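See structure below.
Labels run A, B, C and D following the written order; every chain starts at residue 1.
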Amino acid sequence: MAEILIKNGFVIDPTRNIDGDVADIAIKDDRIAEQVGSGAKVIDARGKVVMAGGVDVHAHVAGPKVNVGRLMRPEDKLFKSPYAQESYRMESGFSIPSTFKTGYDYARMGYAFVMEAAMPPLHSPHVHEEIHDTPIIDQGALPVFANNWFVLEYLKNQEIENSASYVAWLLAATKGYGIKLVNPGGTAAWAWGLNCLTLNDTVPFFDITPAEIITGLMKTNEYLGLPHSIHIHQNSLGTPGNYGVTLDSLRLAEGMKAKNKFSRDTVMHSTHIQFHSYGGDSWGNFESKAREVMDYVNQQKNITVDLGCVTLDETTTMTADGPFEHHLTRLNHLKWANTDVELETAAGVVPYVYDKDIKVCGIQWAIGLELGLYAKDPMRTFITTDHPNAGPFIRYPRIIKWLMSRDAREETLASFKYSSKVIDATNLHAIETERNLYEIAQMTRAGPAKALGLSHMFGGLAPGMEANVVVYDLNYKDMPSDPEMIERAFSRARWFIKSGDIVVKDGDIASHGNKRTFWVNAKVKENPQVIRDIHEKFLKDYTVGLNNYPVWDSLAPNPYVINIDVEA
Amino acid sequence: MPKWITQVGCPYCGSSCDDIEVLVSDDGKKILETRNACVIGNEIFHHVSSPDRPKKPRMRQPDGNFKEITYDEAVDYTAKTLLKSKKPLIYGFGSTNCEGMSAVARVAEKAGAVLDNCASICHGPSFLAIFDNGYPSCTLGEVKNRADVVLFWGCNPMHAHPRHTSRYSIFPRGFFTTKGQMQRTIICIDPRETDTAKLANIHLMIKQGHDYDLFDAFRTVLRGHDIPAEVAGIKKDQILEAVEKIKKGRFVMIFFGMGCCHTDGRNHNVDIAISLTRDINSHTKASIMAMRGHYNIAGPGQVWSWQFGFPYCLDLSKGTHAHMNPGETSSVDLAMRDEVDCFMNVGTDAGAHFPIDAIKHLKKRPFITVDPNICMASEISDLHIPVRVVGVEEPGIVYRMDNVPIQFKKVVDGPEGVPSDEELFDRIYERMCELTETEPIWLPSREHAKAPTAAEQ
Amino acid sequence: MKDKIILNMITQRAIEEGQAMEKGKTTREYFEACSVVEMNPEDMKRIGIWRNTNVRVTSEVGSVIVKAIEPTQFCPPGLAHIRQGVWANQVVPPRTQSTGTPQYSGFPVTIEPAINEKIKTALELVQGAVGLWKGGN
Amino acid sequence: MALVTLKPYKTPELYLECYNISPDVFAGKTSAEIAELDVREGKTTVKLGDFFEVKGNAGKTPEETEIRVSGDCSRIKYIGNKMTAGSITVDGNADMYLGGWMKGGKIHVLGNVHSFCGIAMEGGEILVDGNAENYVGCAYRGDWRGMRGGTIRIRGNAGNDIGTFMLGGTIIVEKNAFIHVSTHAEGGTVIIKGDVQGRVGGQMVKGDIYVLGAVQHMLPGFKKVGMTEREVDGMTAKFTHYIGDLGERHLKVKGKEVYANLYVMAA
């Protein structure tokens, strides 16, 4: 690492309100600098766009369910390895790429940080094994809490302090980043083959409702002052008419205040909102409720969302929402993997073909884009595909294309077998909005970095921030008339400097960089009851020894630990 | 003072018990006593201290005898042999940690090798079934805490997984199963009256080789159709009774083993068992699990899946992409068809466990064994390289039969100068890079991060 | 009474085999645990042998001398069991039905008395198969 | 038709992967260019000409290209891989993946073929005069979309897994088959003119199976529904009609479940 000067690019940096100014970006070691010496390596970015490295707030890229997907889908790899580069590790897989391909492909798109969206605590050593085998990109992982026996018991009794002590212990034990909720209560019910489809369904045995779990964990999160807000996959995912449940869940954030030292001002991140913005009461009259959902998100300033856009590919769905995957396999009859995890969570995996000639898939596609276009605050609305659920992450450039170009959307829409039916059930056809590069930078960098409490490091190009700089082959002053060129430019960065290392040059990987694992160490005062509860449950109910449960330091060999001293 | 080390993992069967207690001598070199382990686990811990263990690589000489050589010489020979071969086969990994499996994958990629593990002759058909039909499963704690109907189909844990029934599946009292065995209905399907069958409430003594037919009968009954008076040697009444128990269960667990994988139809016996599990989920909750044989034989399936996308039988000879198709890229088929020109046996004993014909074919070419102990494969090898014993002398991640990762401790120091699998393979890789004048590919964050010693924990 | 009988062979794990294997495949324990065929006493009677008599087991791929014992776990007539390991694998057909996994269980074998024949050690069988055995016969 | 002959003159040490022996690849090439095509032996790349004497230039298009391999291909994989038109004749045996992922054209093998013949086939014709090993007309591992079209005719015996996950097309085995016919199939037709040991139509959703010999072990999920006269591969005969697999899911048409059919020739 040394000094690099990226000269004369069109800089887009929403964190400093810079929109296309021609400027130089200086890098000294792993940080952005005010200036560098004359010996710095010069990269000519004239006529090209310069942005901070991308930040992905939600993707399933490492861990047991991702690997179940890889393992059970050899057909996802047959004859497929398009970009494999000599003298790098072999690359494999389309919808669920190998760890090597995951790191390389994110880097090729100029992404610096990716959050693994659901870590089953018992399997956390596995998640970290995969993370350290994913080159280049920085990563964190969110342990799942909303169906965990400890949490359910503490929250039933409204013991926020105990809940917080346990969460802090588990984050440290699993080297986790924040609090993930997946189908609160519903996954716990799935252990008996049941589900919680509304916020007021009682969780079997535990006598608590999803609403109480969400509120309790939101309070726990702010009690601890974690960098990220709670990150929720809501109840009733993927069901016609679910937008009502979605709005009910979002409303739980009303009146909640963010309390943290990471300049985060939101208290809830609602993920892959596309899957939760459905109207109708069957697949027959299925329709978009994107406007209703986004109207609420626009006015409720303390929540963030990510889109979960359907990309119209053959992909692999995977989620800790066990009952949903069972529901899905009964719809499409394809192979189904499930793993119920003792005391903690569950997960399911089912392949899925988003066929553009199936009406429902077309509507789903439109809903994702509508949400991205209706959003009034791109700093609170992030581009994702809930990789690989709605499509693989390598399609982010395609989503950017669709958001930036009405022509591109119309072309896709027109290619559907049932395009008029899709048009009837959605609003996309009427939307003229086209997102600009500044908004795209907000939705893929500045926004997610802020929501994760990482705005001091990622998402912008101010001196002192991490030297994650990407140069795309796009002329800000003369954008291509062919939308395909937008997709192409975002797919393969011309240059990508990650923490000061040139990791991509001309769209190809140039170095393995120096990836890190981010985790949060919230120090709370010792809580004898929680310690006692932990010992007891490991003795009686778990099948793994407590001693062997916390993830070894050697599994996160290059850690970036965010320490928090929680005031009593 | 000798010291007790607790919550030690046992490097024997797929139960991967991690509650073993080991008494270690003052100098930290000898194991004096163990608690909680089964007879087999106990044997492993004690065998480590055996004075007969080889501590140096041994190379076969023209006269047929072994001669001790240095590790450098062994590494050099292995690197050159792998590079020279057009299609080497690297097989085994029944008894290594994931760190070793990861290191060997880099070697295999460099060597353009086929990389395969013991599943190939064991639960490989289960993988084929999972490819075709998925895997609705759970962790073993779910069985302990919830299962009230447990099927053992073509498996015999009382012999192959001695503590399985007491830790997870029959006897333990769990959160919702407070009465333990009293609360569970045990159904065993086996052509013999095994010691597991003796524990069962219902034993269906099936006609050997007709598991698929019986599964089909279960499914047919479950969908409300009639079946013939007898299927696979089992009377209709008995089948109806078993299905009724299953339907009444609150949490039905199916464990299956080699009785499905080693017999006619192989993968389809498991395949239809998975279909049955799917069907039962329309009535109540059900899960299925392969009784994986070794403490970390689920490991290579995990490591290689995230690295290449396939759990076993990986053909890395094509350079640009990995290819897998058991039947073609599986060790025994490759051997019988003379499709590989070098064989490396790692952490297993192909000499004892392959059909002897396959060994005769493999022996036509260079044959290398990496294993802590003297075994049949080592005794017919051209080169035997001893390594440390994982779970005893070397810590590491292992994956239990339910794919739960367990961090196995080290309890005693290995023999001086003897490397771990990971160290050995990294040295072989480095030597291969030197010989080909290429840059080694290390992932900066990953390499050589050492797991903690028992004392550090 | 016949001089040979055709049985359906399976080869599976046994705890005796597991324990002995960990002690070492060249040990007496391993030899004793694995160089046996378990068969129903009725089938023994059919070929006129007592338990603990040496027999020759022959399959489509080869044959091996083992000791016939009464099953430690009940084995119905018609079925025979050799515990997995070196002796079993002298007769296991390597055919895989294109799945990668050999026919470890469910293949026909002929069993005949071989009272005066010696059971070979594991090392003799394996080294002998590849021309490396240097001991006597 | 332009004829290209490949005469094997050297046996590979291991096996050759000849993805390039296909009218689609040969089309428009001279014999010299064809001899220069890559084939793989393990991790090494070699030339087709290193193992075959190539005679004759290919036609302009695959349709106009006829390939004749005059010799044994027991160690040659992937002949006719992904071909769409033209023809290939092999004067001996062929190894695995003959006609794999094939979309059109014709392959005739005078000897035997190994496993995975016609894997994931979509169209065209495969004729094997000898026997086939296992997985004739199967799907690639994990894929639920197996053979979708075309015809495979095996004049001899075939092993296990015939037409696994089949969706369409026809497979004819003129002698006996081992086990697993049309497992998981959701369409297509399999005709076995000899006997089958068992597991016929297990987990089968839809499609037809004809057995002209005997089924040694019928699956319990198949139910006899009557007798019927059917025309099969040019002959008409009386069959016992079974439906199944009753243990498996089935599609409903107008509220009625549609089962797979198994026709066993009446004695």
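Assume a contact is a pair of C-beta atoms (placed from the backbone, for glycine too) under 8 Å apart; a residue touches a chain by one contact, two chains touch by 3 or more.
Since the model is a prediction, treat every value here as computed from it, not as a measurement.
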item	value
Central chain of the complex, centres being mean CA coordinates	B
Of C-D and A-B, whichever chain pair has more C-beta contact pairs	A-B
Whole-Å gap between the CA centroids of chain C and chain D	39
Cα-centroid distance, chain A relative to chain B, in whole angstrom	34
Interchain centroid distance [CA atoms averaged], chain B/chain D, Å	34
For chain A paired with chain C, centre-to-centre distance based on mean C-alpha positions, whole Å	57
For chain A, residues that touch 2 or more chains besides their own	72-76, 334-335
Residues of chain D engaged with two or more neighbouring chains	115-116, 134-135, 140-142, 144, 160
Interface hub residues of chain B, defined as touching at least two other chains	128, 131-132, 264-265, 324, 326-328
Pairwise chain contacts, counting only pairs that touch as defined	A-B, A-D, B-C, B-D, C-D
Footprint of chain D on chain C - complex, ascending	97-98
List of chain D residues in touch with chain B within their complex	13-15, 40-44, 96, 115-116, 134-135, 140-142, 144, 160, 165, 179-180, 183-184, 198-199, 202-203, 217, 219-221, 223, 245-248
Chain D - residues contacting chain C, complex	115-116, 133-135, 159-161, 178
Chain D contact footprint on chain A (complex, rising order)	72-76, 78, 333-335
Chain B to chain C touching residues, read off their complex	12-13, 39-40, 43-44, 47, 50, 52, 64, 120-122, 124-125, 128, 156, 158-160, 162, 191-195, 197, 205, 208-209, 258-259, 261-267, 293, 312-313, 326-333, 335-336, 349, 351-360, 363, 373-376, 379-380
